[in-house]
Amino acid sequence: ACGAKNNTNNGASSPSASAPASPSASADNSGKGFKIAMVTDVGGVNDKSFNQGAWEGLKKLEADTGASVKYLESKEATNYLTNMNQFVRDKYNLTWGIGFLMGDAVKDAATKNPDAQLAIIDNVVDAPNVASITFAENEGSFLVGVVAGLTTKTNKIGFVGGIEIPVIKRFELGFVAGVKAVNPDAKVTVVYTGAFDKADLGKAAAASLYNDKNDIIFHAAGGTGNGVFNEAKERNKTAAADKKVWVIGVDKDQSIEFGDDVTLTSMLKRVDQAVYTVSKELIAGDFPAGKITVLGLKDDAVGLPDTSSKNVSKEILDKVEEYKQKIISGEITVPTAQ
Amino acid sequence: MNKFLKIITKESAIVPFIAIVLGLIVGAIIMLIGGYDPILAYRSLLNKVFGNPYDFGETLTAITPLVFTGLSVAFAFRTGLFNIGAEGQYIMGMTGATFVGVNLHMPWYLHAPFAIIVGTLIGGIWGMIAGYLKAARGVNEVITTIMLNWIALHLANYTVNHFLLEPGKGRSYMIDPSAQVTIGWLSRLLDDARVHWGMFFALLCVVFFYVYLFRTKQGYELRVVGSNSDAAQYAGINVNKSIVKAMFISGAFAGMAGVFQVLGVFMNQAIAASPTGHGFDGIAVALLGGNNPVGVLFGAVLFGTLSYGAAGMSFGADVPPEIIRIVIGSVIFFVAAPGIIRWLMKRLSAKKRKGEVV
Amino acid sequence: MEQTRTVVEMRNITKRFPGIVANDNVSFKLSKGEIHALLGENGAGKSTLMNILFGLYQPEEGEIFVNGQEVAIDGPNKAISLGIGMVHQHFKLVHPFTVTENIILGSEPKKWMGLSVDKKLAYEKIGKLSKQYGLNIDPYAKIDDISVGMQQRVEILKTLYRGADILIFDEPTAVLTPQEISELLVIMRNLVQQGKSIILITHKLKEIMAIADTVTIVRRGKVIDSLPTAGTNPNQLAEKMVGREVSLKLDKKDAVLGEPVLEVDRLVVKGRSGLNALNETSFVLKRGEILGIAGVEGNGQSELIEALTGLRSVTSGSIKLGDEIISGQTPRKISEAGLSLIPEDRHKHGLVLDFPIRENMVLETYYQPQFNKNGFLDFGAIEKHAERLVKEFDVRTPSIMTDARALSGGNQQKAIIAREVDKNPEVLIAAQPTRGLDVGAIEFIHKRLVEQRNMGKAVLLVSYELDEIMQLSDRIAVIYEGRIVGEVKPSETNDQQLGLMMTDYKQPQGGPDNIE
Amino acid sequence: MDIATLGHMLNTAFVFSTALILAALGGIISERSGVVNIGLEGLMTAGAFAAAVSAYRAQEAGYGSASPWIGLLAGALFGVLFALIHAVATITFRADQVVSGIVINFIAGGTTLYLVKLLFDGAGETPLVDQTFHKWKIPGLSDIPIIGDGIFNSYPTTYLALILVGVIFYMLYKTSFGLRLRAVGEHPSAADTVGIKVLRMRYTAVLMSGVLAGIGGATIALTTTGTFSHNTISGQGFIALAAVIFGKWNPLGALGAAVFFGFAQSINNVLQLFDFSSHIPAEFIYMLPYVLTILVLVGAVGRSKAPGALGEPYFPGKR
């Protein structure tokens, strides 16, 4: 992948001294002259999660449209606002706040700079110049729950969460509902580690769950989840074939990083796509300012990756498809947090 | 006042200055190795901090908590205690202030002061626990403060989750405006930077630290205990009480850092995944400042300026901001080992002399 | 002529420290088989000279010859290989280690191809060596658990273990009890008989007269004289070293006794080990007298002092100061009731070494109204106070802002005495007030103590030095295993009798609880 | 709680403890020689970084299952490198040891992240190492109830740590090197006067602590995370420091303390398996290990006594 270094150099070396082009002027979809930026939360741009996804979305945008893109990482919570302001004051056409935690900073920057355009992922900011993008994680989690419920041999399934906050709660509730829908006998044990960045805690949580005969764990715990994968890999190296354990990944197709032998499937959350699409809408003069966009199954913004077919049988995938349609049609409502 | 001057001019003022220069040189060398342009980087850094009123104001905001936690660590050091727990005390101070700010409602002239007092007290009490355990049970404060940091983190999350949570926000409700301590006019002057009264409290605390420790009889007691607890006991000073008191004050300083972050900057408290680092930075600041109140102030200014400017470095020169931690580390290193500076200067002047001969 | 062979010769040694010439063109000769005393005031440069001989310091100028060969002693290793051993003024012992571990440190017997220390062999070896020189030490004991006298023997054994022929003793007797001193003297004679040569630094003229063959006197870094002891006397020596006449005999009027001021009644106090360190100790101290507590170290003296000053809790019995029961009170209360202490360990208990003299002078009184207003220290008053004490008690310090650490031991001690005496206490406890000080300083301090007594105050002198006890006390109480086992008047006793009492040889006229 | 659970808990405890044991051993050696080592966190960070990078590169270069061992070695090396800074500063230049330790933490954190960015094209994290350590089951011993599961089915690094506890215990208390090392830490001038090279001993000790803490950090990268990022080491160095003090500067004591910390960490996962745990707020469960530690310390009798000369720089000519 291209390094941040090279990319951002472009952004820095081509400061458009002229006033930013008005968004509607670029009907030809060319993003030249557009400056679009994002601010990460403390996770940093290489968090293998939403920050990274968002940055990938912007890089694709740069490649496709020629817009210049840039990011700033926040080292601590006080930086959220100052980093947002760095771009806003530098007259960027659009500044993204990536992640739930950025909510207040985006709100503040938006109110104080009514001319600026901002967008936020994973949170809702009530301001006329902010586009809020959230995901229906519960819907996607429901589907991986279906996979887990139908795949488990022990009828015991684990969920490892980071911190109990609304977003993660959505994962949990959707997942449990999915399992119960297809396998009411299965027991889902929920473990929260209290951290998103402690692989050792994830590993220990996974160890306890696997020892307790759970054979599948769905994690929604960021870096803590790495520990879950490592524990599973570890076990599968020595375990008999019928004792094999699985992990369900999160956000991205984690089988790419952790391999097919442990990754049953993943619950995709297409932050990259969301960032790409909305930024493109801006270039096209179609920025959903002041709107809340909830991206769900119907938008293909959450769901299972194609690679799932490696480990998940055709029948189960059919079942998944069936439930997907039911959710889209509204026949099933997946519970959500608060 | 005599002593005050002595403190400022004590270690030949030249050493910290050279230390800073050397630290920046170390950073430059590392940047060169990485293929970055150090001149551009440092210019971007300065530009970020002094380039416009907004960032200047925000730099002040970044410096403020460092003064408090730096004072906290330095105060404990002066009384013979190593407080690694400023982090936890900071978090607890924050929690106390948020609780008052969110759950109680009163006029501004009561609300903000009450929030400050409660947060400060809770920070102090959190420090006092470690002091008490040391005094009463002989438990090493290094261990307890480390453990109390983690306990504070989770206790604060518990409090936010169960008593303060704004549903769906992952943080507490906003505190009442009556509890806020922002300085409207200055903020407007500085282009909406989040400047707040905490700054001035920090300066007051610097003065308090100096006056209390070096001018009052209680401070005298604490210093005696810190320097020679056996002699203190022989002199009839209650050593255990002093330890508890010292940790209370140390904790209160750190607590105040958290208080003002809530009342002046965030206006709410988020559920935290991991420690903020302000407490640990406080150790560095205390060391930079040689555990002197005035030194701490300068240390915090240096630390805060470099840290805040680091974002400018990555914005303007694409230099990874981690460099700044190396720079800060090197500065502390050179401050702490003036021997190295003397040695370097000797080498340099020796070389120069040699050069002249040739 | 074996006797006159020179084993060590130091020629024109000069050693400077910042601001001071510690050794100024010093020459010194040690003959084989002799005991050569080095005498001089505190800070005269004796330890420095010997540290040079042992390789710890490098001189700026001068040469050293050992057994006729010029040598460069660049470190203790070199000194050891030349057969030089040193027993330092402040013992160099690792306290948590055993006697044997301390002795073998640095040249350990090994086993298993050098992988492991052969402790068994070591313990045997040390046991044997100890017997050979009549030192009688338990090789298995921890340093922490043995008396100072024993620790000294460990130091001696350390040098012998390394095969030293030239032994340096730096103030070996300063910390010893009379018994231990006489034992040490025997040991030293023994060593000389076995062919060793000894350099002895001491402030005690009596010892020099008793054991040394030659004495070299140093003053302010210069050698004043070197002469055989046979042809001199203590007064002459004292005069040579101080540069003025010193009265070695204390002028003391008879005591004028007043009413009892300190009454200790059947006091029981637990020691560090949890056993009773004081067993129903009783005595009475009257105004206008100096009561000396004589005894071998470790018989409850420290615990007695700590109990009296409120630092240690009292199990039973009572302490009365004037009309007040002070047992169970805090140290502060007791101090305010009129009891002052010159502690035994001036560095650990008496001073805050990193504080200036100014602040050390108010260590116990800083909180009183004369030194602070509304909780703020009144530095003006404190400075005036410190200046006065420094002047009155002749504390030699560059200024009252100088850190206590930078003062010499004697001046540190004077500062403490100034502070305690100035509190004008009813009872002044002086624990080992002159340990390690030179005769000049000792004279000064003794005078001050007598002055207190003459003013009608009471002084409790706790000392392991019989001379000091005999000279100063109006009355002597002997403590043994936490009990007062006898009481005598100095004029009616002698060293020998006291020594016997201190080891609890039952005396006809003294018995437990038989005080007054 | 059945026997199997107990064994599993113990096993998990050892996963946590391994790095702590190693780093604590490093801390013990350094502090026994009289040099405070607050820098354990930084040394571990350096070790974890070097391990992740080297193991990844080795794996790329086709070293296969030797890769983690190469990583471990690199971790030791990098630990030494940073320990050397500490040694030069504190021993040669007599800088305050606490200050220098904090500096090590700072510089190690900054440098490693910076290097990751340089090496991996701006990434904040090294790529995932596939060739990490995996557990070795010791035939026979692993059949013993509880400890079979608990100990004898562990990572090679865990065995290494346990063996090193023994080795270092032996070294400290049975060899002349250990005797001298302890003497230097208790009373350097006493050691000096019997011809022991105090400064050289201290250098050796601090560098050894770099090796051990480096390996300790490496084990985290090579067993639990598989990568290195800014939070691979997040506080373990300080916990190891606590283990040093808690364990009274004795390898066996530190082992006990480290395993205790590990055990306390694993309890909170096990607790969440039980239904009753849903009535306890999660935050209290997270707090448990730390609260337990304090309670144990409060209950433990006797103050721990640090080496006599800990923290004091040694001036050869000092009195």
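In this document, chain identifiers A, B, C and D correspond to the written order of the chains, with residue numbering beginning at 1 in each.
Methods note: contacts are C-beta pairs under 8 Å (C-beta built on N, C-alpha and C of every residue); 3 or more make two chains touch, one makes a residue touch a chain.
From a predicted model like this one, the values you see are computed outputs, not experimental measurements.
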(request) Show which chains lie in contact with subunit B and also with subunit D. (result) A, C
(request) Name the chain pair with more contacting C-beta pairs, choosing from A-B and A-D. (result) A-D
(request) With chain centres taken as the means of their Cα atoms, state the distance from subunit A to subunit D in Å. (result) 35
(message) From the mean C-alpha coordinate of subunit A to that of subunit C, what's the distance rounded to whole Å?
(response) 75
(message) Quick check: how many Å separate the C-alpha centres of subunit B and subunit C?
(response) 47
(message) Among all residues of subunit C, which ones touch two or more of the remaining chains?
(response) none
(request) Hunt down the residues of subunit B that sit against at least two other chains at once, touch-wise. (result) 154, 157, 161, 274
(request) Indicate the residues of subunit D shared as contacts by at least two other chains. (result) 117, 231, 234, 283, 286
(request) Mind listing each pair of touching chains for me? (result) A-B, A-D, B-C, B-D, C-D
(message) Could you list, by residue number, the parts of subunit D that touch subunit B in their complex?
(response) 85, 89, 92-96, 98-100, 102-104, 106-107, 109-111, 113-114, 117-118, 231, 234-235, 238-239, 241-242, 245-246, 281, 283-284, 286-287, 289-291, 293-294, 297-298, 302-304
(message) Taking the touch rule as given, give the residues of subunit B at its contact with subunit A in the complex, in rising order.
(response) 52, 54-55, 58, 61-62, 154, 157, 161, 167-171, 192, 194, 261, 265-268, 270-271, 273-274, 276-278, 307-308, 310-311, 314-318, 321
(message) Taking the touch rule as given, give the residues of subunit C at its contact with subunit B in the complex, in rising order.
(response) 309-311, 330-332, 334-335, 341, 343, 348-355, 359, 363-364, 366-367, 371-372, 375-377
(request) Name, in rising order, each residue of subunit C that touches subunit D in their complex. (result) 54, 56-57, 75-77, 80, 86, 88, 90, 92-97, 101-102, 104-108, 110, 115-117, 158, 162
(request) Enumerate the contact residues on subunit D facing subunit C in the complex. (result) 170, 174-176, 179-180, 182-183, 186-187, 189-196, 308, 316-317, 319
